[in-house]
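Lettered A, B, C, D, E, F, G and H in written order, each chain numbered from 1.
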Amino acid sequence: MNGADVRALLERLARGEATVEQAEAQLRASPPYTDLGFATVDHHRSLRQGHPEIVYGPGKTPEQIAAIASEIEARAGRVLCTRIDQQQADAVRAAVSGADHDLIGQTVAQLPAPEFAEGLAIVSAGTADQRVAREAATTCRYLGHEPDEIHDVGVAGIHRLLRYQERLQRARVLIVVAGMEGALASVVAGLVGAPVIALPTSIGYGTGMGGIAALLSMLNSCAANVTCVNIDNGVGAAVSACLINALAGPPTR
Amino acid sequence: MNGADVRALLERLARGEATVEQAEAQLRASPPYTDLGFATVDHHRSLRQGHPEIVYGPGKTPEQIAAIASEIEARAGRVLCTRIDQQQADAVRAAVSGADHDLIGQTVAQLPAPEFAEGLAIVSAGTADQRVAREAATTCRYLGHEPDEIHDVGVAGIHRLLRYQERLQRARVLIVVAGMEGALASVVAGLVGAPVIALPTSIGYGTGMGGIAALLSMLNSCAANVTCVNIDNGVGAAVSACLINALAGPPTR
Amino acid sequence: MNGADVRALLERLARGEATVEQAEAQLRASPPYTDLGFATVDHHRSLRQGHPEIVYGPGKTPEQIAAIASEIEARAGRVLCTRIDQQQADAVRAAVSGADHDLIGQTVAQLPAPEFAEGLAIVSAGTADQRVAREAATTCRYLGHEPDEIHDVGVAGIHRLLRYQERLQRARVLIVVAGMEGALASVVAGLVGAPVIALPTSIGYGTGMGGIAALLSMLNSCAANVTCVNIDNGVGAAVSACLINALAGPPTR
Amino acid sequence: MNGADVRALLERLARGEATVEQAEAQLRASPPYTDLGFATVDHHRSLRQGHPEIVYGPGKTPEQIAAIASEIEARAGRVLCTRIDQQQADAVRAAVSGADHDLIGQTVAQLPAPEFAEGLAIVSAGTADQRVAREAATTCRYLGHEPDEIHDVGVAGIHRLLRYQERLQRARVLIVVAGMEGALASVVAGLVGAPVIALPTSIGYGTGMGGIAALLSMLNSCAANVTCVNIDNGVGAAVSACLINALAGPPTR
Amino acid sequence: MNGADVRALLERLARGEATVEQAEAQLRASPPYTDLGFATVDHHRSLRQGHPEIVYGPGKTPEQIAAIASEIEARAGRVLCTRIDQQQADAVRAAVSGADHDLIGQTVAQLPAPEFAEGLAIVSAGTADQRVAREAATTCRYLGHEPDEIHDVGVAGIHRLLRYQERLQRARVLIVVAGMEGALASVVAGLVGAPVIALPTSIGYGTGMGGIAALLSMLNSCAANVTCVNIDNGVGAAVSACLINALAGPPTR
Amino acid sequence: MNGADVRALLERLARGEATVEQAEAQLRASPPYTDLGFATVDHHRSLRQGHPEIVYGPGKTPEQIAAIASEIEARAGRVLCTRIDQQQADAVRAAVSGADHDLIGQTVAQLPAPEFAEGLAIVSAGTADQRVAREAATTCRYLGHEPDEIHDVGVAGIHRLLRYQERLQRARVLIVVAGMEGALASVVAGLVGAPVIALPTSIGYGTGMGGIAALLSMLNSCAANVTCVNIDNGVGAAVSACLINALAGPPTR
Amino acid sequence: MNGADVRALLERLARGEATVEQAEAQLRASPPYTDLGFATVDHHRSLRQGHPEIVYGPGKTPEQIAAIASEIEARAGRVLCTRIDQQQADAVRAAVSGADHDLIGQTVAQLPAPEFAEGLAIVSAGTADQRVAREAATTCRYLGHEPDEIHDVGVAGIHRLLRYQERLQRARVLIVVAGMEGALASVVAGLVGAPVIALPTSIGYGTGMGGIAALLSMLNSCAANVTCVNIDNGVGAAVSACLINALAGPPTR
Amino acid sequence: MNGADVRALLERLARGEATVEQAEAQLRASPPYTDLGFATVDHHRSLRQGHPEIVYGPGKTPEQIAAIASEIEARAGRVLCTRIDQQQADAVRAAVSGADHDLIGQTVAQLPAPEFAEGLAIVSAGTADQRVAREAATTCRYLGHEPDEIHDVGVAGIHRLLRYQERLQRARVLIVVAGMEGALASVVAGLVGAPVIALPTSIGYGTGMGGIAALLSMLNSCAANVTCVNIDNGVGAAVSACLINALAGPPTR
């Protein structure tokens, strides 16, 4: 029930068309939550944020994750599970229909036909950043956006990146995925006039400190059009990028 | 010279309308940079990113900052200086015409009439976050966007925030400014379906560690529609927010 | 022997009713410790702090933990073991009678009938925080307090939390369990007038840094009625909460 | 307006005793906030948490802080300002009547007669911790509780502390103030059966890291009845301690 | 060859009793090192520091560690290996005669009869600190000192510690072993007039950060007679303690 | 295509010997990259930096790493893979001819005859630093430089190091490998007049923090001729050292 | 009153030579503390640890520090104040007789004739470490030990240090003072067979992090005879060193 | 006296041309150090490392620094003082002849004519990095190398940098100076085949953490030809770069 519904209810109450008890009951009767015992699935988030819940795998048993996935599919028509292992993937795929398992990206997803075929680019630095880049790409597709993917263009070979300048400049929003020193975000952001979402990965060793070096590099970018998400947070980068891309006008499908 | 210019030059060269030497000279003759001796002002950034340079005050002498501001005004028509002290502000205001000095926000700016009157909201947690919130707001105005400002709505009094739910939900993009525990970003992000740019401030003490606590809170938000900028980086938050808001269609002025 | 006992002993000594040797012997004869070779069990803590020892599992062999549990049961009538694995749990359950093993909460406990049926609430943010929330809840029950449990009310869906406002406000003391950005503690603390014990969990990744982000968020809460315990320290949160709840008057059983 | 008020309003609306417009107006007419332009004073917090706002000095001009203090005194009858310098103190004392300035504790306060004369103890380790200990003590008095103060009992001379064992054990709740290694909290907590609020101070140098060493020591206490607040957060420790002490029954005045 | 040897050599050269070539050869001919291919065993350290090499297990194969142990036994008469696992222990025990394997302390040692029967005490806080305490104790014995061991006397039950006050005060040097908050070092140091070597352990969780909290506590001790070693460095604490204890006079055997 | 090629192309275009379309095609037709689907191999780096790609093992499947190795061998004549495990090593050795697997250094390499037989020294502190020292040595050999290796000369026995003073002073560039306190870099740098590349290793425990202590020691060296690479980065140290050694004149083979 | 006094009192009580009241009074009548209002001076520490209190200047007013110094002089015959500024020094020198002010070491001290003329050496790395080295030296003298001082022997010029090898080896205990990379402690410890107390200083910049780099280097020393104190803690290093040197036998005066 | 001198002395001793006493005297008679009381100036470093001492200003009085500068000038013919303030500069310039004071670079230097006119480039990212870049440049000149300076070419405008590609590729060694995200080092290193010395600056704010972010970025560079120095360490970068440039052959003057 949104604000308009509440005012309508108040007016019916005022006109004697509803009793106080009925009003109270009505509010209680439409809970926007399904209680699974171990988790409360928030179906209204789909309305509020334009997409159903995305299920985060770690710490859930195969049974729990399958039950949650099944419940979401029933209400929202599709489901995406991230950072899941083989056992979790098998359980989910047995519970919902037609879901694809991406071993490298560690996702199981029911992907719709793309609504937005353009505008969102994903750029990544190295082969090792692939897991996170794919989690982001799959999440974009799950949310109806087809990303333009440009991989393996780390800054130590800047000419590799410059070959793609035109495609970069066509994007309305970009996700830049990089571990190690994370410099790619600043360089890409300097080449485009669009907002850049920097997605640090935990790739590296020693003083890379599990992605902290890349994140700090991105937060301190000398380019002003960069914002960051948490290390390895492909889902967060994708959700924000899709919200931004959707702002740019009607679907291009 | 952009890609089209280069191709045109190539074609004139091919048709014998230009010599190799002329082509080389032409490329050299139109440098998109003005060299001030102590700084190279990048005039093309204005074209590439839709706005002129913003001048960062710390570490520059009043004379340097005034010279840079004057140069930018001459080419771009307006200028914004941030984090400047009284002496720097005086020097800049003597060098350019009609610039306002905001003591609290520590900016000197020549503000245009707003092009985008709607869509961008700035929400801040406490009185102490004012300096950063104002830097962000002034930067938005400098870039042609009029922000809807909602202040002093920290999460310890959640009902203060909920009063503004409707205004929050009208925004196409939000900047959330908070120091201390930075929780406001997560709460606001949960209330809206728009992208949220979290702007941590250095307000706090002890384990606040100059904004690190707020930043970590924002990077680890349980809401997926949050991206972050560096601590106290009002300019960065504003630039990204304006780029996003501008995507949403023609100016609303 | 407390202060009164000591004075009584002094007086008997003064009146010639006891010799110096007897006085010395008496002090030595009632050692408040049982020496198990590898551990000294402190039986007087039960008197001093109103509860028997709680046994922390990690680093103890199944045999050691079973022996300690048995010793405590013999003197104190009940025992609680925390963070124990299946092997430890089996050993303890073979050594003491009628103990329950909570797989998720990783506890084995002999739970008494509740002495305090009201006043203490446990609120948690997400499914993943369950292990710690259950450790806290079981510890409360072990200490004679029945907690009111409210789960899965993370701040990204603030309305889920607000549904429980009344139950929150009925509590005399609350434990708030949250990982990731830990913002729930500040929001709950702003809704109630009771002391809130913030219990950060190690849930999260990247910059969550094993619970440090949540802890910093809680330590920097803009609400003044929040105190914190160590990351994942369900026992500590429960002990303090029960001591506080017990202050509020006679048991409500 | 609390829940009961809202239901009453609903019923009057239902009975035709109020119109929708009147209901809406009434909700708007009693805003629990006073807007001072630069700050929103939350008067209802006094009801919700049993005390008026406490004003935090840093970052506020003498004029701002005096205006806020004056506003709070007008509505709540008394005011407390913390971490204020001489200039701020002078401005506040000129704006409100009968306020005391504690130079060492850096507070200006209008202190009521104590409602709770017993139950709350403040224990501090060294002379250098005095500023924070006094901030905590003054806040307790402001909230109506008279603390039992025990100072200069650092653990390197454990017998100094043990002299006070009886007073420590009489307390229903204790605040333990310590910088450097912060060990006092664990030792005191082991001597009493009451909840201990550990208040780390920034006293120390080198690896003390502005109180981090003391805080870590307190968070990792081997005693289970310890909770912590932020470094130097005398107000937070006092608010929580007073809430706990008030639970223990009717005022003892 | 020490300084006296070198001068003697010079004098023989001056008297024509040795040629330049002989002198050079002699210097080269008595290398105080045995080269095992993968390690250079420093036999002179035994002379210089009063004890043979102690072999650190991690990162060495069973074969390597057995060869090193054997070489040391051959030259120095006894050997100590620390932090070794079962496989390494088996290899060492097969290679040298009469060595004991302490599973908990993770050492294999050939222990001499004690030369110094008094003066060195080892005090530890909890059962979990046992591994490190035993590594320290075995190292002391290996170096000829019989430690007075006092265990399980954590500060949360200060009276357990005070029972041992007399034994503590008899020591000429003390090693205090503690994890978690590490407060025991400060308390013990306050009770004695002897130098205290604080040995932090990695016991704890969350903000204990693998012993950092304990170490910081110890480095910031308010007692002046405390020095520290690295986390879990039982060997270092023992070596320094034995050097100090040996200063106090002739062996007491 | 380098700058000369581009000018030549421009001139042919100007003389009508090439069309615009041909020029564009030519640029596109010689991509300096081979696309393997999962990785873009940069063949020009060999020209640009004087050596072929070095393959970093972690995160690559045996199949991926074998395919990359094979591709590099085909184009560059030799290949080096670092930090590879047994399975990866087997796959690579099956794919390329005559490659050696160094178990301790964790490399597979096709080593050419040395071009530079002198000038580069590698000095390491302890047995445990061997893995990293060997990775550096093998990389040097792969790049055509034969290092002078001096091992096990940690600063706690400074005379072991001083024996090698002459060899140290003969080097034109030195790599100093050390974990723990990393002091060896400063001492060696003080003994020589050549540039020293400090290579910290993750050897150590507790406050060694995986090499951070060694790195900090090296970055803060009181000797001015020290530069550092990332922890355990044997490849980086070797590449820089070989570039420097090659500057010193023609190969010495 | 020590243990013997207490037993004597018990016996007099038992023999009727004292009443319970007298016994209680006697215990109270000899408090080992002088209460100055703002500080409790612990006179018995002098007995317990062989030296009077040392007064730490920061955070004390000139009046407070003068009063404390005066009180200590009255009872203990001499006083030492550390880290004091000019104003504090003037106040102390006016209050006590014959005290010297060391501007560089920032101490005011009444120094006795040395009791121990040998055995304790202080070695420092650079000119910048002078303040801390002098604080340590003055503290040693205050405690009756005359240190052998060796300065400006940083490891980047190892031969400067080796000139002093004999003096180093004569010491029974050494304090090694170093900032920056702190390597001097390891090198000195390798040259001697005596216990080394490493005293890191805050000298350095950038990653020196106020002495953390030096401290980590010292804690991770590859020499086993090193223990550490807090950064810049000259007093702590001196107190421990003097306790150790005093163990070595009767005063050498 | 170098190794050859020592052997010569030995031979004269062997031939009876010198007595043992004379040999000892000779060694003592030529100490390579001048003792100024507060500092030992190491004149042989000039021989060993090809340059005289460089004087670091902080923590020295104007008098001390002038005396040291004068002493060095007398022996080495020139002197360089870094990080000095106006007062120190005035004192030095009064003490030595013809020294230039660079206010921005904070140096006073007596600069020789350049010996090496080519090969060394200094590249910096922004105006704010100027102080450090100039310290590096002046140090290079002091050591006889004339650097090719390229400033204000931060990565957010990559085309600014690419204009200088040819000059970059001509260098035999490069110093790359950058604060904030430090990405310039990786990009430059990818463009050249020469060794790159990355020099992080403390420019930035918030998570820049005084240069830590830039340093981490540089240490984690995806380019293999990068080594790093401490934050703001212009001297260290210059010394290493000059040593490397000098390797490349005879001076080019």
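In the analysis below, a residue touches a chain if its C-beta (ideal position, glycine included) is under 8 Å from a C-beta of that chain, and two chains touch if they have at least 3 such contacts.
Please read all numbers here as calculations on a predicted model, not as lab measurements.
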| said: Among A-H, E-G or A-F, where does the D-G interface recur, judging by over half of the contact pairs matching in residue number? | reply: A-F
| task | State the chain with the largest centre-to-centre distance from chain A, centres being mean CA positions. | result | G
| query | Cα centroid separation between chain A and chain C, in whole Å? | reply | 38
| query | Hey, how far is the Cα centre of chain C from the one of chain D, in Å? | reply | 25
| said: Averaging over Cα atoms per chain, report the distance between chain C and chain H in Å. | reply: 59
| query | So which bits of chain H are touching at least two other chains? | reply | 157, 206-208, 212, 215, 219-221, 230
| Contact footprint of chain D on chain G as seen in their complex | 33, 38-40, 42, 45, 56, 58-60, 64, 200, 202, 210-212, 215, 230-233
| query | Where on chain C is chain B touching in the complex? | reply | 125-126, 154-158, 162, 180-183, 186-187, 189-191, 204, 206-209, 212-214, 216-223
| message | So in the complex, the part of chain F that touches chain H is made up of which residues? | response | 3, 48-50, 54, 166, 172-173, 192-195, 197, 215, 219-221, 224-230, 235-237, 239-240, 243-245, 247-249
| field | chain H residues within the chain B interface of the complex | value | 127-128, 130, 151-153, 157, 160, 203, 205-208
